[in-house]
Amino acid sequence: MKLWKTLTMSAAALAVMTPAAMAEWQPRKPVEFIIMAGTGGGADQIARLLQGLIEKHDLSPRPFIPINKPGGSGAEALRYLQDKAGDDHTVMMTLNSFYTTPIIQEDLGVDVTQFTPIGLMAMDTFLLWVNSDRDDITDLDSYVSTVKEAGLDWKVGGTGSGQEDSVLTAMMEAAFDYEVTYIPFPGGGTVAKNLVGNQIDSTVNNPAEQMEFWRAGNTKPLVQFTAERMPAFPDVPTAKELDVDIEYYMQRSVNGPPGMSPEAVEWYTNLFQTLFDSEEWQEFCKSDGLTCETMMKGEELAEFHATQKDAHVALIEQVGADAITGE
Amino acid sequence: MTVRTAELLMAIATLLMSLGLMLNVYTDELNIGWVEGRGPGAGVWPFWLSAGMALASLATLYRWFRGKTPESRSDAPYIDPETLFLVAVSAASLLGLLILMQIVGTYLSLMIFMVLYVRILGHHSWGTTMAFVIGTPVFVYLLFEVALTKYLPKGLPFFEEGFLFIDNLRYEWFY
Amino acid sequence: METILVSLGSGLLQAFEPLNLFMIFAGCLAGLFVGCMPGLGSVNGVAILLPVTFLVPPTAAIIFLAALYYGAMYGGAISSITLGIPGASTAVATVFDGRPMAQAGKADQALMAAAIASFIGGTVSIILFTLFAPPLAAFALKFGPQEEFALMLLAFATFVGLGGDDIPKTIFSILLGLVLAAVGFDIISGQPRMIFFDMVEFQRGIGFLVLAIGVYGVGEMLWTLESTAGKVQMHSVKITVSRMKQNLLQVKEYINSTWVGSVLGFFVGTLPAAGATPASLMSYGLSKTFSKDPDSFGKGNVSGVAAPEAANNAASTGSMLPMITLGIPGSPTTAILLGGMIIWGLRPGPLLFTESPDFVWGLIGSMYVANFATVILNIALIPVFIRVLAMPFTLLTPIIFTLCVLGVFATTDRMFDTWIMLIIGVAAYLLRKLNYPVAPAVLAIVLGPLAERSMRQSLISSQGDPMTFLERPISLVCILIAVALVSYPMVAKFLKRNKAVEAAE
């Protein structure tokens, strides 16, 4: 009886509250902040940093709960978000497997252009790293000739077949016409450790994953795959400067499920804009070699996703899905 | 059912399961052989270990026919009829709890679960029962939702709205 | 050496600052509480931390987190002993002997042994940590996939003889665990494997905790319900001062296992891939192999509680080492710790020691103090934990079922996993009634993914040449030890028989 009363009362209260809520949308329950990668990786670090900042600056009336859904290079997360269509309390931190996973796994039934774009928080970059013990490798040319000589004995570490770095590795194989042995490890940190320990010979890592080893003099970057040299690495040439046509970025954007209500989209966009403009975030971008000049959002981001998706389809076709899965 | 029959049936079941696993890996077109220069393919581990499971099941079958295991010689009932009720009710109540959680949400289903267990099965006093019926959801709410910021299943939208009404009070009063 | 002592001294002073000291006790208590809930562990405890970090300086916050981590390690043993459900993968081995001890009315002894062994393990490893952090970090770097695989072989080898008497059923159980571990995405080829009924949820794989809670929570509960017909299952214990004293003195019985577990745990813990679970399993296995009375293991031998507990606490300290010196998390919890450090503007990596010495030594100092805090809290709380056992079964069962369901849900936020837990629980119950040992399956699902991945990584890097495992010194040594361990029981038996023959002649 008591229970029934509570329920009817709550229903009545909700009915009264609804119009007010429409005017200015706000989350009414904790927001699931899905991360399409495991704990400890780049995406996870960023999502937890953002969550911390939301809490610190009291930006949301309800907490953001980070939930890792790393299954199948993000396939699990993508399907989860797809099935949450129309939900206003779920957002996802994405990386490039946002594009590659639905291409490689055709039967997943996810079209990422259907998702609701919220904000592009940063563009992450890639550099080619070797252990600093390798005195014989000083630039890209000596790298390529050493790799060609070593052939399949050359071991490149990465975070898994079908992940961004395997795509980039395949692109390099195509560009330089050599073949290497690609060894997948569970996470960028492990890759870095294996490079420092000389278990692998080279890797394409994000700056954040190598930064500390580089500062300690354990590893060195040879080339960056960006359009222009990054401020953090003024002495490292870009591939374009060396007449190699490889430019590759990792997008780190926040997206919602398909069919999110416009009011909610507006609220989230404003929230992430505030985060983007915060001192802490800009500081993080600078120290981790991320590019964060303006936050792409709405239509612009949707277009960006569409072009990126097409680019990845072309890319995967060019290097061949086999080159990426390695079987 | 005697233990003897049960062991035979279980060995057959595990054998079929092992073969099913092998078939599953095989039809997924995973490589179950050695890839030149790369070592074992993606299907090697699950396929051949499942094959091992099948062999182990066959060995158990063989031992059953030869009467080598103590179970194969036992005519005692597999599940004691006197306690069958208790075990079945427990498993079923857990099943019910999981189903209810998805319909009426975690908290209501826990209350129902507690009434069933403490009052109906345990014959405890109404005082104890109510302590559990009220205490468990409160404890769970404080631990999972407040301290650990987990969002437990809330069931259908109607029940979720009801919960959110209570949850709103928390934010209004404490933040 | 001197500089170490000076730095350590300042670190200890920092730990004794009132705020930090408070943080240590609060963290231990919170960790203890979270750790003893099945399914919840230090990883979940991090959620509690976040609001705290905005109120206090980074050093105090990381001290809180480290204390929470310790507390949770101890807490895992509490649920393993009193409820028979491993609170975390690190506490699986504690169930093997802790549960029988509790059933025999010796829960207080088991809890005391766990507390003291954990304390020794934690303290030994923090001392090793203080003295040898830099060279150990260098050693950890030598561990490639080949060495990891050899280490996994070693872990399996320590477990020979853990299963029951029925060899085909034991093998079936191990293999089942290994196969279930392969469900989901293959990290090497990126292909989905064994996605049953095309359910996308299987892509995530079957988590260890889902299996462990299914087997030990649901399965064990059904088993106990049947075998006791719903009567009160365990002897309640009356705690008196003299009994506590007696329990303390019992330390002689398990001190050897504890030392071995502590050192082993620390070294295995420092290896980035391994962590505390293999460490505790290996420690249990070793202590059984070299025990004078190996048959009593699994039936309530106090060394069987002390060995894994010493090892898992030592390993949890050890796993901080690669995090602090290399910036590589040795466990999921340290991964989140790492995230926390970044939020506070600290950069874990090879330079942390030189760039933020106050922070590092404050953390190390607090680890010493946290160890004391947890052991005191633990022993003081034993009477409280024991009360759980005195509860009538019809009250305990619904509580345990609730904790199982919510604990499994909390680890992955998926109802799907709770269904898998129920299915596994019922299956485990049915299998167990037919004398299928279930522990090997639980171990196999923990070690399986590590073993498969490292084996295939090694073979890819050697281009398919299996000799790679024998060509590398560390890996060769591990494999030789593994072979020796497997053959040891047979050799021992042979020697014994020879002696008997000689004596007869």
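By written order: A, B and C. Residues from 1 in each chain.
Quick note on the criterion: a contact is a pair of C-beta atoms (placed from the backbone, for glycine too) under 8 Å apart; a residue touches a chain by one contact, two chains touch by 3 or more.
Keep in mind that what you see is a predicted model, and the values were worked out from it rather than measured.
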Review point. Where the centre of all protein Cα atoms falls, which chain's Cα centre is nearest to that point?
Key: C
Exercise for review: With contacts defined as at the top, give the pair, A-C or B-C, that has more of them.
Suggested key: B-C
Point to revise | Separation of chain A from chain B, taking each centre as the mean of its C-alpha atoms, in whole Å | key: 35
Exercise for review: Indicate the whole-number Å distance between the mean C-alpha point of chain A and the mean C-alpha point of chain C.
Suggested key: 32
Check your understanding: What is the distance, in whole Å, between the centres of chain B and chain C, each centre taken as the mean of its C-alpha atoms?
Key -> 23
Practice item. Please list all residues of chain C that touch 2 or more other chains. Key: 188-189, 191-192, 413, 460, 463
Review point. Among the residues of chain B, which are close enough to touch at least two other chains?
Key: 31, 35, 37-38, 41-42, 149-151
**Study point:** Residues of chain A engaged with two or more neighbouring chains
**Key:** 32, 152, 326-327
Review point. Hey, which residues of chain B end up touching chain A in the complex?
Key: 31, 35, 37-38, 41-42, 108, 149-151, 158, 160-162, 164-168, 171, 175
Exercise for review: Would you pull the chain A residues touching chain C in the complex into a rising list?
Suggested key: 32, 39-40, 44-45, 48-49, 51-52, 55-56, 67, 69-73, 75-76, 79, 104-105, 108, 152-153, 155, 160-163, 166, 181-186, 189-190, 192-194, 196-200, 211-213, 215-216, 218, 284, 287, 324-327
Study note, to complete from the structure: chain C residues touching chain A in their complex are 43, 50-51, 53-54, 140-145, 184-185, 187-192, 200-201, 203-205, 272-273, 322, 326-329, 332, 335-336, 338-339, 342-343, 347-351, 413, 453, 457, 460-461, 463
Review point. For chain B, which residues are in contact with chain C within the complex?
Key: 3, 6-7, 10, 14, 21, 24-25, 28, 30-31, 34-43, 45-46, 49-50, 52-53, 56-57, 59-60, 63, 69-71, 78-80, 82-83, 86-87, 90-91, 93-95, 97-98, 101-102, 106, 110, 113-114, 117-118, 121-124, 128, 132, 136, 140, 143-144, 147-153
Point to revise | chain B-touching residues of chain A, taken from the complex the two chains share | key: 3, 6-7, 9-11, 13-14, 28-30, 32, 61-63, 65, 152, 326-327
